[in-house]
Every structure is written in C-alpha cells, then in structure tokens.
Amino acid sequence: MKKFKEKLSGRIFFIFALSSISVLALITVFIIVKGAPIIAKVGFFNFVFGMKWSPSQGEFGIFPMIIGSVSVTLGAAALGVPIGICCSIFLAEFAPAKMREFFRPAIQLLAGIPSVVYGFWGLLFIVPFIRNFFGGPGLSILAGAIILAIMTLPTIISISEVSLLALPRQYKEGALALGLNHWQTIWSVLLPAAKSGIVAAVILGIGRAVGETMAVIMVLGNAVAVPLSILDPVRTLTTNIGIEMGYASGEHQQALFATGIVLFVIIMLLNSFAQYITRKR
Amino acid sequence: MKTNSRAGEKIAKLLIWSTALFVLVVLVAISAYILIKGLPRINWHFLTEIPRNMGRSGGVASTIVGTLLVTAVAIIIAMPFGIGTAFYLAEYTKESMITRIIRFSAESLAGIPSIVYGLFGFIFFVIYLNLGWSILSGGLTLAIMILPTIIRTSEEAILSVPKVYREVSFSLGGTKWQTIIKAVFPSAIRGITNGIILSVGRSVAETAAVIYTAGSALRMPVSLFSPTRTMAVHFYILAREGISLENAYGTAALLIILIFLINVVANMLVNRFIAKGR
Amino acid sequence: MGSVERFSHLLTRSAKRKQDFRSIFSRSEKIQQFNIQHSAFSTAVKDRLRGRLAVWLRVALAVGMCFSLALLGGCGRPKTGVIIAGSTSVQPYAEVLVEGYAVLYHDDAIDVQGGGSSAGIAAAESGTADIGMSSRDLNEKERELWFVEIAKDGLAVIINPNNPLTDLTINQIRDIYSTKISNWSELGGSPAKIHIIAREEGSGTRSAFESLVMGEAEISPKAIVQDSNGAVRQLVADDKNSIGFISLGLVDQTVKALTLDGIVPNRENVINGTYSLFRPFLFVAGKEPVGAVKQFIDFTLSPNGQKLLEHEGLISSAIEGIENEEI
Amino acid sequence: MVQNASKISVSGLNFYYQKKQAIFDLNLKIHANSILSVFGPANSGITTLLRSFNRLCDLTPGAHMEGQILLDGKNIYAPDIIVTELRRKVGMVFDVPTPLPMSIFDNIAYGPRLSGMKSKKLLFQSVEEALKMAALWEDVKDRLSMPAASLSGGQQQRLCIARVLALKPEVILLDRPCSGLDPISTAKIEESLSHLKEKFTIVIAPHNVQQAGRISDRAAFMLMGHLIEEGPARAVFANPQDQRTNDYITGRFG
C-alpha cells in the first residue's frame, strides 16, 4: 500500500506542476500572439526606437516610454533597495523581539495597501511637494520613483529577511568567534552568504516596480516626450498600456500588447542578470 | 584598526536604526492619513448598505463581499497549484534545464504588469469562455497573476530547508512523501505562508486586473457568475472620477483594516499550526 | 455554441498529451510489483488520508474538479439581467439611470461595468454586454452597430482659480496645446511656464477636443496626460500654472471654467449652439434592442430619464429630438 | 568455520558517482554484535561505504554500484527490497548532530511514527527505552517537550543515537560521530557504544586512530577507495601487515 501512496503523491504534484506550467505558457503565448503582428508590420527597429507615439495616425514608436520605464525603475531601485536591505538587516539582526513582532505585520500591511491609494496619496502630497520645492509640474520621474520605492519595500524587506534568518547559526557564531564585531559579521559574512535570497528579493521588488501601473499613472504625468530631467513628466511602458487599453481597439490594442512583450523581455533580462550574479558567487 | 571598527559599528547601527524608523514613519504617515480621513465615514450603514447615487451616498457592502469572494476564489485555486508545483520542482525533479526554465519563467511572469493579466482575463475568461464579467473571471485572472509569486516564494522556502533534514528523515525509514510532509513542510511553512499572505495582499489591493474581469457592478453579487466591484476598484473610480472623496477615503480605510485583519489572522494560524506541528 | 465544441476539443487534446507524457514517465521507472489487497487498501487509505496535509490534498482535488466544472459550466452561464459596459466617463451617469429605473420598474437586475469606450463597444458587439457606453463619436466600422445618443456633455476648458485670466479664444487655446504659446505672460498672466493637461489618446473627451479646438494642429507630446476627468480637475485645482479640459458637468468651485470667445460654457449656450464644445454620450448595441434592454433605453430617453441626466449636469438631447436617423 | 556469523558481507563492490569511481573492488565481512571501525584519510570512500549499507547513497543523483552487499545473506540492492524497511534495520548517525526542528520527544518518536506506531503509550515506552540505552534519559526525562536544539552538542549527538535506537535496528552506522564534541561527551558516547555492541552490530568511522584503537573489536584501513588491510583491532594496530597502514597509524602521513 505504501508504494501506491508514494506513486499517488508523485502523480498529484506532477499534475499540479504540469497544469500550472501550461497555464503560464498559455498566457505567454497569448501575449505574443496578440502583440507580434503589429511589430512585424511596423518593423521591430522603428517600433522600439520610434520617437512618435500616436495611434490615431498609426504611428507606434515606444522609445520615449522605454526611457520612461528605465528612469523611473532605476530611481525606485536607487531609493528602495538600500532602504529595503537596511530594514531587513534591522529585522533579522537588530530589532528587539517585541518590535519585530510589530514590524513584520506592519511591513505586510504596507504590501497590502492598494497601489491606487499610493498613487492618490502621492498625488496629494509628493507631487505638490516636488512642484513647490523643485519646480516643474510636480508630476515627474522623481514622484514616480518615490512612490515605487515605497511600494517595493515590503517585497524586498520580507524576502531578504527570510533569507537572512534562514542562514545556519554557525555562520554568525563563527564570525563572532573570530573577533568580528556585529556590523563586520553582517557585512562580511551574513550578507554575502544570503546574497542569493537578497538578489532574488531585489529582482522581485524591481519586477514589481517595472510592472506597477495604476499608482504611477497618477503621479508621472504620462507625457509621451522623452524626459530631459527627473522633474519632467514621463510615460512608462506600463502606464502606456494602463491608460490607453480601455479605449484601444484593433491595431492600437495590438501595439499595447506589443508593449507588453517589450516589458516581458525587459523582465527576462533582469532575471537572467540576477541568476548570473547568484551563480557567479 | 580597533577604534574605527567600533566607530564603524556605531555608525552602521545608527544608520540601520534610522532607516528602519524612517520606513516606519512613512508607513504610519500613509495609513494614518487614510484612516484619519476615512474612519469617520465608517459606520453601520457604510458597512451594510450598497453604494447609491454613483457612490456619493450609501455604503460599500457589495464591494466588501465582492473583494472577499474574488480573493477567496483566487487563493483557493492558486494555492494548491502553486505549492504543488513548488514541491514538484524542489523535491521531485533533479536540477536540470527544465526546472531552471520553469523557475525563470515563473519569476518573469511575476513581473508582468497586472493590466496585461487583466486583458488576458478579459479576452480569455470573459469573452472566449463566456464566463462574462463575474467573480469567477476575476478570481481566475487573479489566481493566474499570483501563481508565479506563490511558486517562487514556496520553492525558495522549501529549498532553504537544510538538506540534512531530508537525509535524517530518509535514514529513519521515511518515504519521500513522509519526508516532505513531516520534515520539509513544517520547516518551510513560514516561508510558504509569507508568500501566500503577500499574494492575498496583492489580490485584495488589485485594480487593473479586476476592473476588466470582475467588472464594476454595484449590486450585491448573488452567485459566482454575477459581476461585482471590489473595494480597490470602487476607491479608484470614486477618487479618479472625483465623485466623492469622503467615500473614497472610507473605502480605503476599510481596505487597510481588512488587510490588517487578514495578516493578523494568518500569522495566528501559522503560529498555532507551527506550535501544533512542533 | 461554437465555443463549447472548440473548448471540449482543446480539453481532450491536452488530456491526451498529458496521458502520453505520463505513460512515457511510468515506463521509464523500474517495474515494481503492485501487491494491494483491495479491502486493506480502502481502509488503509482512509486512515492515512486523515493526516493534516492529506486534508489539503482532498481540498486540492475538489478545487481541481470545480475548476474544470466551472470552465465547462461557464459556457451555459445563467443570464443575470441587463449588462451595460463601456466609457468610464458615462458610467456614473448610467448608474444614476439604473437607480432611477429600479425605482420606477422595480427591476434592479441591471449591472454597469467600466473599462472604457472601446471595451464597451467591443462587448456590445460580441454580446458580452447588452448595451455599450461611448463618450466619443463612432468610427465607420462601429457605425454599423445600432446606437442612440442619450445626452450631450459640454466640454469646459478649466484653469486654476488663482489664475487671473477669464477668457481665451479657441485659437489661443489651440496655440497653447500645440506649445506655440508656452508662457502665461504671453496671454497677460503672471510669467510662468504653462503646464498643459490633456486626456489620453483614445478617450472620447480628447477626440472631441481635438476635432472641435485643435482642428489640423496636434496636441503636443509634452502635454501631461491624465486618464480621467477627476484627475484632470484635481491637477488643475492644485497647480496654478496648469490648463485642462473636462466634462462641463464636473466643473466645481475648485477650478475656473474659461469663457470661449466671450461665450459662457453652460446648458443654454450649448442648446442654442453658441457654445460649440460638446460631445455625444451614446448607447450602442449589437442588434436592435428588445425586451428589458429596450425598456431601459426608452426610460433613458423618456422625460424622467433625461431629467435625471440634466440633474447630473448633462445636456439632454431628446428635447431637441436630434436622434439618430436609423431608428 | 567462522567464529560468529557475518552480519554484512560485501563482495566485489565498485561504487561510482557519475563517472568518478569512489570504491574499488572491496570485499569485507562484518561480524554481528561487534564494533568494526573503518579508518583512513579523508575522502578515501569510508563515508560512501557506510552510506551504501543503508542505501542513503541512492539520494545522490548519478550514484551507482556493482557487486553485492548482503545483510543476513540477503542482497540489499535486490529489486524487491523495501528501502524504508532496510533503513530501519540499518540506522545511521551523521558526523554533525542534526536534531530535527522539533521537541526532544518528537525527534525520537519520529522514526516509530513513520513506521506506523500510533499509540501514545507505545511511543513513550520506546522513547524512554531508547534514551536509557543512549544514556541520555537522566538528563532529559523531565523536559521531553523542550526543543531538541536547546541541548548541548554532546547531548544532541546522543539524541541522534537514541533516535536510531528507537527503531530497534540491527546495525548502527556512525560516520565520525564525535568530530565536533568535547572529550567528556566523546568518552560518554564511546562507553555507551561498547554497551550497545551486545545487542547491535556497529560500524564506525572514527575521527582519529586513537578512538579506533580504544573501542573497536575489528579494524579496517581504507586508502583512496581501496581496502588495504582488515583484521582484529589489536593485530592491525600492533603489527600492521601493510607498510601504508603502518605509516598512517604512526602518523607519518594522511
């Protein structure tokens, strides 16, 4: 009888794996099928590097949006990653137990707040602050970067914390036994050891920042021109989809799915870069 | 070298403590602002009546029910498939090209903008499968959206269980299934639940993927096939269309409270589950 | 029901693929004797499955079943009443109509969905929705569908209340939006860069503004784009150097509506034709509406329905009888 | 002919990890109710040999073997062998103490529970008996529900021994059990091993030659995957036949 149960469990896990993978493949194929024709028609080069986006005249160039996405995501990473990792170190190493019990649900709460609430909160506070102190319309790359940084914090913090806590106790004790102080232990032993978890966390966080739509629609200004400074309004690939998809049809809708393909490729590059780092160690 | 390492230690400690407090302040600022503006709106009527007059008056009852149902459908479908896949990848397959490709594609799909999931759901579930705008379409779309995240976080948790636990369990005459259930799963449960709580949080907070699939109807849903408007979508329409800021803040405050409750209950379940498991 | 055959074919093909994959899988395993006594097996399985994780297994199997059931059941889903879908600008007004209709006809089985004009028109065409809402004129292909104009919505050009200006000509507005004029001082205002705010490319409000104001000129790509009237109004109310355009019905004291060539944007001037900036709100349907759908549309065009829309700031079109020739 | 029947007999054993060969044509007879220590320099195939006795090596992908290993005359690699039963008969203690993240009681009851023992009374009995045999009962008898991780290194290793004993095995394999332990705990473990040999066949990979000398009845020297010499412990240590064994024992190399 036991052998039957072994086979059964193996089968069930296999069926779950097979159906999940086929569903994931289905959505990938769907996006490609919906987006590829327009890229073929417009030509990959002038689709990706075309400067003019105006679907009503049949012009589909998304280069300004690529610049927008890259600049906003880099800004968000520059702000979010260091703060996120500091917090995960704080939670794993420094926080007194009582505070950790409070902090962790608070972080999960931060993850739960809907992105539109962030967008609206940003619109009411961050945008006027930038408008008054830095000039320009306030709707800018900076505003988007701040909002996205706040939104990616929970992902980066919670997953890096798990990988820090999962480290075997001997790592920390060994380092302390060698006379390193707490910070040196963290910096030279714990962080390198937990690097794969932290890199995974950063990638997931950046992935979420790249994929965020609703929050940034409200704070980026969504201008289709290439931004000249971080105070200029900008449109990212996701906001381009988010804004126009409701009204788009025919070729315009295909162009937005093609934007989805470009996003997918960017995220694939991000992940392979992350895998390269973790494997190189 | 001695003195500056001690100074380095102090600076680092100060830096980390201040960053953590800064994040705490930011979190409190966001939720406090929403709660201060929203809590006065929440009373028995707000919770039990359905929205009227374009959302200017009446409560949000139908959106609360809508949110819970859509998220429940998503989690019930995504959890077994997600965790099952994670166990299959971590335990049943040798580290090969296929597993790396699957892990890689799961990670990439976790990054896909939810607006694209929304449109996939709209065209596949709503139109092709003729499920129409409904809790089921919304739930299925969300299930597919959170599936990669659950697979990734569960697998990360399973792989972080020390390999030696499996060897000990096998050496004590355990079968593969018993080793997974009795040795691997109890140690991985915290990581897995972490992933599920993140996914529940993300589904409750989702707007783009749900507006095109679950719809934005204000009536109380009667079955899995009736359309519904989730609280996040309700907030988005009220705030964006400038219909009623007060009700928008009320809905947002309620949403934050709901998410807080989900986290507290989930953590309690995990601790009890782990305590019993020990 | 084409979709059912196509779908069941899809299901059997994928099941067959899984079958071959599994048979290859099991043949490669070492053949192991299978000595199960049937009765011992059923009792043993029951007590084995009582364990905590085994419960999850049973839940998963149940879910798997209901997942496939729902997919198949979906093809014959019960009709839940009239469904209206489309432009998010029209949606709030449609909800008011639904509430009024429910009071009069005691039938509240009507649901209103958002999603945008094109999504609504596509849904009406495919039958997923009974009525599609559009806040923009239909293109040639879309004109083949059945449609009727339920109201007109004026377009107001708005600026920040602290901005001293009160009047602009259509040409000045065109030059502002094509960034020929880029500083308020060129119009007699305080020296500051003009922040132009427009709606997104496919929105009905934008296409009306483009045809009525811009003519041949194009709205500059540098313009800030917001995807809803609420957001445009919010922005103009916050940024004193900004200019935008929204539905006349949504103008409130947080913003100042400009007079165009001296004509005040209000209902009367739209009706008497002196104020030229307005666009139609349309109901679209895949085929000639009948039954509850026709009853709802008749209610919308009836004086009661039009009064409701007027109360919300729209301009009823039924009064002038400018209806579509087809019906 | 043979003084007491051989518990495990290995004949013509070659062991490969993918293409790398770890054990070369090994023949060995292990006597019941005695302590055999298999000593030699690191990675000379000792751990692989031990792990082939309870087929734990099946877990490493690409591991395969030629030859025969008989337990009580039955080939343990025959297709009809149920591996889980084999591993209950042939228990293993790892080099680093590895308590499972559970209470002391659950750790020891883990094996019996897997084999289907359900009743609380029976479980408690086998846990108590195992702890007594591993000389740990006095230390932990009133804190069985405490997490196993709260024990000291030596106590944890004795917990691992008790965990194996709870399954009532016939053979116990110990892979450098005292490598991380202080002398007192090492002495305690060595002492309990000498008691256990009346009931069990013990095969130990000692972490140094002195330990081998102290506790084993027979000794086997392995070098680079080859079995160089095997015989009664006193004979092997007093006058080793092979020069390489002598060099290793006198510490000239290895």
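Order as written gives the chain letters A, B, C and D; numbering starts at 1 within each chain.
Quick note on the criterion: a contact is a pair of C-beta atoms (placed from the backbone, for glycine too) under 8 Å apart; a residue touches a chain by one contact, two chains touch by 3 or more.
Computed from a prediction, not measured in an experiment: that's the story for all the values here.
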item: Chain pair with the higher count of C-beta pairs in contact (B-C, A-B); value: A-B
item: Far-end chain from chain C, centres as C-alpha averages; value: D
item: Cα-centroid distance, chain A relative to chain B, in whole angstrom; value: 15
item: Mean-CA-position distance for chain C and chain B (Å); value: 26
item: Gap in Å, rounded to a whole number, between the CA centres of chain D and chain B; value: 47
item: Where chain C and chain D are represented by their mean Cα positions, the distance between them in whole Å; value: 71
item: Numbers and ranges of chain A residues touching at least 2 other chains; value: 2, 5, 12, 14-16, 218, 242, 245
item: For chain C, residues contacting two or more additional chains; value: 32, 60, 64, 88, 114-115, 119, 227, 231, 234
item: For chain B, residues that touch 2 or more chains besides their own; value: 80-81, 84, 175, 239-240
item: Residue numbers on chain B that touch chain A, as the complex places them; value: 5-6, 8-9, 12-13, 15-17, 19-20, 22-24, 26-27, 30-31, 33-34, 80-85, 87-89, 91-92, 100, 102, 104-120, 123-124, 144, 147-149, 151-153, 156-157, 160, 162, 175-177, 180, 190-191, 194, 197-198, 201-202, 204-208, 232, 235-236, 239-240, 248, 252, 255-256, 259-260, 262-264, 267
item: List of chain C residues in touch with chain B within their complex; value: 3, 7, 51, 53, 56, 59-60, 63-64, 67, 70-71, 74-75, 77-78, 80, 83, 85, 88-89, 91-93, 95-96, 99, 108-109, 111-115, 119, 123, 126, 128, 227-231, 233-234, 250, 312
item: Touching residues (chain side chain A, partner chain C) in the complex; value: 1, 3-5, 11-12, 14-16, 18, 22, 52-56, 64, 123, 127-128, 131, 137-139, 217-218, 221-225, 233, 235, 242-249, 252-253
item: Sites on chain A touched by chain B in the complex; value: 2, 5-6, 9-10, 12-17, 19-21, 23-25, 27-28, 30-31, 34, 82-83, 86-87, 89-91, 94-95, 103-118, 120-121, 125, 150, 153-155, 157-159, 162-163, 166, 168, 181-184, 186-187, 197, 200, 203-204, 207-208, 210-214, 218, 238, 241-242, 245, 257, 260, 263-264, 267-268, 270-272, 275
item: Contacting residues of chain C [partner chain A, same complex]; value: 14, 18, 21-22, 25, 32, 34, 36, 40-41, 44-45, 48, 57, 60-61, 64, 88, 114-119, 121-122, 136, 195, 200-204, 207, 218, 220-227, 231, 234-235, 238-239, 241-242
